[in-house]
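Labels run A, B, C and D following the written order; every chain starts at residue 1.
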Amino acid sequence: MLNNHLVRIQCLDKKGLIARISGVLYENNHNVLIMKEFVEEDSNTFFARIELSGELNTVKLHQELDNVLPKDAIITVHPRQKKKIVILVTKEHHCLTDLLIRHHFNELNAEIQAVIGTYQGLEEICNRLSIPFLLVKHENSSREEFESSLRHQIREYNPDFIVLAKFMRILSPWFVSYYENKIINIHHSFLPAFVGAHPYKQAYNRGVKIIGATAHFVTNTLDDGPIISQKTIEVNHEYELKDMVEAGHEIEKAVLADALKKVLHDQVFVVNNRTVIFD
Amino acid sequence: MLNNHLVRIQCLDKKGLIARISGVLYENNHNVLIMKEFVEEDSNTFFARIELSGELNTVKLHQELDNVLPKDAIITVHPRQKKKIVILVTKEHHCLTDLLIRHHFNELNAEIQAVIGTYQGLEEICNRLSIPFLLVKHENSSREEFESSLRHQIREYNPDFIVLAKFMRILSPWFVSYYENKIINIHHSFLPAFVGAHPYKQAYNRGVKIIGATAHFVTNTLDDGPIISQKTIEVNHEYELKDMVEAGHEIEKAVLADALKKVLHDQVFVVNNRTVIFD
Amino acid sequence: MLNNHLVRIQCLDKKGLIARISGVLYENNHNVLIMKEFVEEDSNTFFARIELSGELNTVKLHQELDNVLPKDAIITVHPRQKKKIVILVTKEHHCLTDLLIRHHFNELNAEIQAVIGTYQGLEEICNRLSIPFLLVKHENSSREEFESSLRHQIREYNPDFIVLAKFMRILSPWFVSYYENKIINIHHSFLPAFVGAHPYKQAYNRGVKIIGATAHFVTNTLDDGPIISQKTIEVNHEYELKDMVEAGHEIEKAVLADALKKVLHDQVFVVNNRTVIFD
Amino acid sequence: MLNNHLVRIQCLDKKGLIARISGVLYENNHNVLIMKEFVEEDSNTFFARIELSGELNTVKLHQELDNVLPKDAIITVHPRQKKKIVILVTKEHHCLTDLLIRHHFNELNAEIQAVIGTYQGLEEICNRLSIPFLLVKHENSSREEFESSLRHQIREYNPDFIVLAKFMRILSPWFVSYYENKIINIHHSFLPAFVGAHPYKQAYNRGVKIIGATAHFVTNTLDDGPIISQKTIEVNHEYELKDMVEAGHEIEKAVLADALKKVLHDQVFVVNNRTVIFD
């Protein structure tokens, strides 16, 4: 994969975009591994994701695509390589350990630079798996101090993405504004059902027959960012609250892993608070 | 099945209930086909559903159970037989025709007494399948007049259950009060997400990756009655609104059929706005 | 949809195919609604499916594509229109009635020309829905006579596809050879588990926790043709054989409907006994 | 849970079993948390699983149940406590690490006594999580020597269950005979499809649209033991073999975890090569 490159294009749709793009690739003798396009009718937006193999001059290719595409086109050309991520956690381990194990066996397509936790509890497993753990307490701090400290720590790493692996605090607009479409959260319900706190308690009280989990980019509206992945499982009247929580953990980690896989392979585009995902 | 009987019991839980119930059944030499019990811890409620085969004196058995069970126990003993249902519809056919076909081939465990529609469109298929269709228009009527007329028609049939098979009008408390836990509605979303009108439009706008449907008993809070059945399916960015609607129709009819099967076989109990269902 | 056209291309993969195809479309000012391509690496085969809107000269477009594509390319250009189908049945109604109802409400993208049955039982529902029913008995006939008669009847209609909607007889190679990738069968198991007769009995005896159904093109190896669609549902030890059969009917009709939708919209390609399906 | 006890009963069905059992429990003033019964019609076998809370004399309760139950009844009464398990592995980590992490956070209801591997590769992660790893090579050994060595090691631990977490060697009848219904295997396909080696390659070649995994007890017929848990996921033509393998790993570990949870909580009974599982 190290020698592969990735091209991503997003612009208003026009006739002939595929002809122009594929013309550029063909004339330059590029070896297209996978090319996917999609036009979202609602916003009349064209998306393309192209994997190329072999050596290439990224600046030149970018220029050539720029020459034939509309002015509004957002074009990226870069070698395929591992992303850098920082993971934020509170007390629950299941999403974190799922990512740590994948990382340990080189299955994550990302370098985990650090885990930042608000409690000491998850330090031990990070140590065992040789991942730096930083404690940033929110107790006895104002929200501003806490987020400043968080921001300071994260800035050191300059990660491509921040993963909230059951991080149970709401981040302020100030913080989120630094990382547009770069913070991925796992919410423990099938959004938009059960926004906010204690979704399993809400689900239990409502007597639902299905529970779910949702991975989404974080925006400044609570639990309302673009959805990347969702899964559901069936429950029944025999599930007490604790059984729902336990079953929920299984889907939470599956959904977060699925969403991260897509994000880390540059498969996810965002338009109008919705995602376009090339599987 | 005609010779079989069904016993249902619901009461506050106490020690020894199963011993007492099974004692009565054993001493009277009843042949238990299936016996299921459940204690809901949240409300400390005991539920039992028992299928018996062979002749029996329902009054006598009821009395004997009454003698050994707590004063608050709700006990029903009756022969297993087809229920009577009336179906209410608006314009969409898919849930209705699914039920009509099951009925035509004697697979519904119910007698469809009549279909009542607010538009003429579905009369033709009812005629083809020899089911009475009654038109009760709501145009040019007040809500009171409309519901009076509906109530009048339904009273003639005295059905065990009323099925809202994509009936797109909200029924008033006055009407609903006549039929507690007897009206089954299919809502075209995964409740409690997307309560109310146009759930697919809401779902599309929110960019969900899963859509669902919910069958529930109707209460006086919109889309908030006890849930009987829910299913979900995956969607993606390629689904335009019309594709979501089309995919939704498939689960709507599957969920309504599933819920009805459970209700019509006396498998569903209600406690605290939640259902307990013995599969 | 009546003014839309469909282009399908299948050939060995080469560099520049997309550039050439999209070049032809762009130069001729065609309005591409959807274009999907795929390269199957195992067989190095390129597939494309393109929907175009507006008037067009199909002969001219075919010629222009032929000019730029490799010699082995299989190219079809045709207006999008309803297919013609003939349905074969035995005794079970559930797959048939599902298709008849969809057809009745114009949701099938096909004209059902006739239903051919080996028993009288399903004639009544066909009559009710105004679809010709033909009885072709196999009792007191040799297999050759039976299939000759079948072939004779079907030839009158010249259908695009033949649908085996729970047709419980094995068709001989002689018959199948007339309809390569044109006969769609629903098999009542998750193939390749439980090939052949009585799959539910086999599944029950094996104690599986999941049952399924498979829709596939018919080839001359029993239950071994290219798979178009499969679904599964969970079962448990409480399912007796008859419960598995009943639950199975629900997925059988869902899988057949799903497969037909894909086939009837020209979304399915076949290579090496596998299908490539553009959703 | 430490103060809880579990009663399991399996015998030929007779009238009055529930009355007798619940009578014994009631007369002795036991506190029944959960009682589940089931009669398998095919074999006319009665099963019951009862959770009791509070102190109790297990010998006395066993005797009292024995007094009222048929001679053939298999009755067990024991305190609920963690099981002891030994895990066998080859090279793949995903099922093993899933269990190690659950164990590390005390979520497995089992003590992992040791991991036995045929290659060195998985020793490192066992060390990190403080679980003994034993290497038992099969290279340069006869099958008899290898299994003798395995048997010797396992006998030291006297585990309740042996878990084959992607252990890629077939165990001989000699070995299996020591552990009837005590060895749990995860097979990487939806059994009975794709028995034996390379199921993903078989699945890919067959062009299936669904892949699965199966956890089962090991018997002396390859991949034919009683099934405990199965799950499936959808795949499509874009899945190359390696993608199927990768997707398969996710369900393999989910299915093994699900099966183990049921086995370790004494929820699983076996009759006629099928399982009865009280969820």
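Throughout what follows, a residue touches a chain if its C-beta (ideal position, glycine included) is under 8 Å from a C-beta of that chain, and two chains touch if they have at least 3 such contacts.
Predicted, not measured: the structure shown is a model, and the values here were computed from it.
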Classification of the chain B:chain D interface as same or different, half of numbers criterion: same
Pair with more cross-chain C-beta pairs in contact, given C-D and A-D: C-D
Centroid spacing, where centroids are CA-atom means, of chain A and chain D in whole angstrom: 36
Between chain C and chain D, centroid-to-centroid distance (C-alpha), Å: 41
Touching two or more other chains - residues of chain A: 238
Contacting residues of chain C [partner chain A, same complex]: 15-16, 18-19, 22-23, 25-26, 29, 31-32, 35, 37
Complex contact set, residues of chain B against chain A: 38, 40-42, 190-194, 206-210, 212, 226-232, 236-238, 240, 272-277, 279
Sites on chain D touched by chain A in the complex: 93-94, 97-98, 101, 104-105, 125, 128-129, 238, 250, 254, 257, 279
